[in-house]
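A, B and C label the chains in the order they appear, each numbered from 1.
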Amino acid sequence: MADVAGPEAADPRERRTRPRGIELLLVAVVVGYAGILLVGPLLGLVWGALRGGAGPFWRALTHPEALHALKLTLLLGLAATAINAVLGTCAALVLVRDDFRGKRVLNGLVDLPLATSPVIAGFMLILLFGRGGWLTPAVEALGVPIVFAVPGMLLATVFVSLPFVTRELVPVLEQIGTESESVAYTMGASPWTAFWRITLPAARWGLLYGVSLTFARAIGEFGAVLVVSGSIAGLTETATLFVYRALDERNPVGAHAVALVLALFSFVLLLGMEFFRRRRRRSYRS
Amino acid sequence: MTPAAGSASAATAPAPARKDAAVPRPWGRWGLRATAIAYLGLAVALPLAAVVEQGFSAGLREFWRNVTGPAAADALQLTLLMAAIMTAVNVVFGVATAYVLARYEFPGRGLLNGLVDLPFAIPTLVTGLMLVVLYGPAGFLGRWMEGRGIQVIFARPGILLALLFVCYPFVVRSVQPVLLGAERSEEEAAWTLGASRWKTFWRVTLPEILPAVLTGALLCFARALGEFGSIVIVAGNIPGRTLTAPVYIFGEIESQNPRSASAVSIVLLTISFVMLLLVDAYSRRPKAAGG
Amino acid sequence: MADTRRFAVWLGAISLCVPLLEGCRRGEPADGAASKTTTLLLAAYTTPREAYRDAILPGFERAWKEKTGAAIEFRTSYQGSGAQARAIIGGFEADIAALALAPDIEKIAAEKLITHDWKARPHGGMVTNSIVVLAVRKGNPAGIKDWADLTRSGLNVLTPDPKTSGGAMWNINAIYGAALRGHTGVAANDPAAAAGFLAGVFKNVSIMDKGARESITTFEKGVGDVAITYENEVLTAQAAGEALEYVVPKSTILIQNPAALVDTYVEKHGTRNAAAAFLDFLASPDAQHGFAKFGFRPVDPQVAKEVETKFPPVEDLWTIDDLGGWPKVLEEIYGPQGVWTKVFADKSAAP
């Protein structure tokens, strides 16, 4: 499996050459393609957001509903990431270290959210927790509103961002092996201590990469929360839903401003992702 | 916004645990197992069961009717078609990008390498918005293209563009590590024997990266099937022309046809999931062969 | 390193609790009697958002404060009428549903969420009127004069998707009805000819947005030559500075928008008094004038007379009853063998 199992080159940089002749053309074509595809739209977004000037941009951004939407996005992102980080690690440990019938089914379940369109994810929650839903009597007894309220949006976000921690950790845990842990056990360490002190530190870059992917996915969620939230302004509206509504309300500056904030935040996340990814690859070479 | 695990492949079912593997004491192991099963069971299996139940709740014939109705069938066909075209284009440019990143040194190489992951980080809704701003009737490129009679937004090219953006990293990240880790000796041997660059690539490099290309392509395709956020902004919603399956499902949910929505969802889920299973099975082959 | 990890996990666990707590807190039913602030959840369709936000809701908040001395707070959600009805049926606990057409309210009543006779209110439960018009760009460059122009070859017509948009259904009713009444160039009282005309118009439709509002904003972005829409949508757009005009067809339908309180949820939230008072307010001259300011034709005949000059007259203005009433229309036009259903199916089949 690429990037994890195979041995890396001594130093890839030494094997790269400067392009000559027709190779230059190839590089130009690729750079041009990436530029038009990726950079163009980004620049367009910046232009759209700042077109009316910095004043309207700032005003739109500091509107209470915009701020609430951004705050809600951040909270949902953190919460979903926390849940998936803890439980995803648990699942990864079970998939790698444990053995029982039906383990392959579990593995498939981890992948399922990737194959699921976000609208279907939101729809699933409506089926489970909406009127007449399978779990509705249970939650109603608990008095916790799920659909058209924040908890439902949290569940939707957890679902769509579920696979990443587990998928990143599984190959890393396989790579690490169990020798160090076995040694720790023979020295009398408890499973908890072995996990905290041996396993986790060894897997930390893979885990952090998975966490950053999870967070990025959670922040960007749209389709599922669109279906499940009711889009109540100032209450159940995330940043993406706010952008969607702002487009409807003839508030292009507001839409573009919040979209730009999301894009910039994604950039920062991207830097983090790259950092963790490189650290993880480097940790294999040693 | 579903990045592949840096390895750009589905979670390979891990090798069975060795009996002597260090596992926590029995109660710990059961606790862990129970947690994992509860987590995945409640978070994934249960919602899936709800959709399946809803889709078949009126019987098989009704399910079939919902799936083969005019708008539904068109939406599924369009989705598959757009995904296929996009994947083909993406394979070409993805392999080219991976090759360029792995083999050449040039100013801006690092920036390009980072940018490739951008679609993983950006919300799909923002992607759609950016495309409309740039290619819409009031946008820079949009005005230029409209002058030439090419409509991008609210037409099929717009859908293609959105999918190309969102799925760009899959093939690149799948192929790049293989190129980096590959043995250069065969390539170099081919050059010294007088083969042209292109021939070398075609005969030597390509066969080696083919599994990774296929893996990336399958992931790319599966991802494209479910894309919603960018397409709902950028497409025009006309059945047979610009209405994709996820947007169709959304419409069915909104107009209170849960059974119809479930039926089409099940079809979409099945196709995507089969793709992921293929990726899983395929990416295990080289490991078994290589030992 | 292990300590940092532990800290991170705790931080994550805490941040997990915050949204849960916040969500639960919001979910508590508003106790109108005990607490000082009552919260009403208004679920409306896409079009009247400016009217509610800038005139109606502040007006009611003032009136309520005067009458009871207590404060009232509104939570609002605006989506396509059909989508909103679906949400309410699916568990969206709206106290008041202000939708685009009577059938969407009936859908909610059919699920026993509305248990009173909502039509017994003044004006048959309606709160605003409008008409179906043809929105064009300033100066009417496409030269649209009436319905018949919409079948012109090469024209790009915008109208929303009736699956989710109430406005779209009004549009289709208007086209079909005007054709039946002989104002579109096809033979009058000939359902087949009217259906043919409807198909002809839809041949020119390339985008069907989710709601009336989305449709008009698409038009404003430069897409399309003409948009079939509510009169009040165009007036709102003009007020927002858009360069739009509208053509009033010779024959068009009177759009009537209902509002009702949702019994199940007002009972649950204890907000029945406030909700009923709000509905009374909607029928009051104050609110009717407020709606008129935002381009809605008033349901109150007195107010309608006062704002007459603002709205162009329609030569042949008819209502849904002239098509046989909603139940008949839902069957004949949107039913499984309905006129629209067939047009839509043919459109999908066509290349």
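Methods note: a residue touches a chain if its C-beta (ideal position, glycine included) is under 8 Å from a C-beta of that chain, and two chains touch if they have at least 3 such contacts.
Keep in mind the model is a prediction, meaning the values are calculated, not measured.
Visitor: By number of C-beta pairs in contact, which two chains lead?
Guide: More C-beta pairs are in contact between A-B than between any other chains.
Visitor: Can you tell me which chain lies farthest from chain B, using the average of the Cα atoms as each chain's centre?
Guide: Following the centroid criterion, the farthest chain would be C.
Visitor: Which whole number of Å gives the spacing of the CA centres of chain A and chain B?
Guide: Chain A and chain B have C-alpha centres separated by 15 Å.
Visitor: Take the average of all CA coordinates in chain B, do the same for chain C, and state the distance between these two points in whole angstrom.
Guide: About 37 Å, centre to centre.
Visitor: What are the residues of chain A that contact at least two other chains?
Guide: Answer for chain A, listing residues that touch two or more other chains: 126, 133, 247.
Visitor: Counting only residues that touch at least two other chains, what does the list for chain C look like?
Guide: 89
Visitor: Which residues does chain B have that touch at least 2 chains other than itself?
Guide: 253
Visitor: Looking at the complex, which residues from chain B come into contact with chain C?
Guide: Interface residues on the chain B side: 70-71, 74, 132, 136-138, 153-154, 236-242, 251-256.
Visitor: What does chain A use to touch chain C in their complex?
Guide: 72, 75-76, 78-79, 81-83, 85-86, 126, 129-131, 133, 136, 143-145, 147-151, 154, 196-197, 200-201, 204, 230-235, 245, 247-250
Visitor: Considering only the defined contacts, which chain B positions touch chain A in the complex?
Guide: Counting only chain B, the residues touching chain A are 1-3, 5-17, 20-25, 28-29, 32-33, 35-37, 39-41, 43-48, 50-51, 54, 93, 96-97, 99-100, 102-106, 108, 112, 114-127, 129-131, 133-134, 139-141, 161, 164-165, 168, 174, 176-178, 180-181, 184, 197, 212, 222-223, 225-229, 232-233, 245-246, 249-250, 253, 258, 261-262, 265, 268-269, 272-273, 275-277, 280, 283, 287.
Visitor: Which of the residues in chain A end up touching chain B in this complex?
Guide: Residues 1-9, 12-13, 15-19, 22-23, 26-27, 29-31, 33-34, 37-42, 44-45, 47-48, 87, 90-91, 93-100, 103-104, 106-128, 133-134, 155, 158-160, 162-164, 166-168, 170-171, 174, 178, 181-182, 185, 191, 194, 209-210, 213, 216-217, 219-223, 226-227, 239-240, 243-244, 247, 255-256, 259, 262-263, 266-267, 269-271, 273-274, 277, 280-281.
Visitor: For the complex, which residues does chain C have touching chain A?
Guide: Residue list for chain C touching chain A: 1-2, 5-6, 9, 11-13, 15-16, 18-20, 22-24, 26-27, 41, 43, 46, 49, 75-79, 87, 89-93, 111, 211, 213-214, 217, 220, 237, 240, 242.
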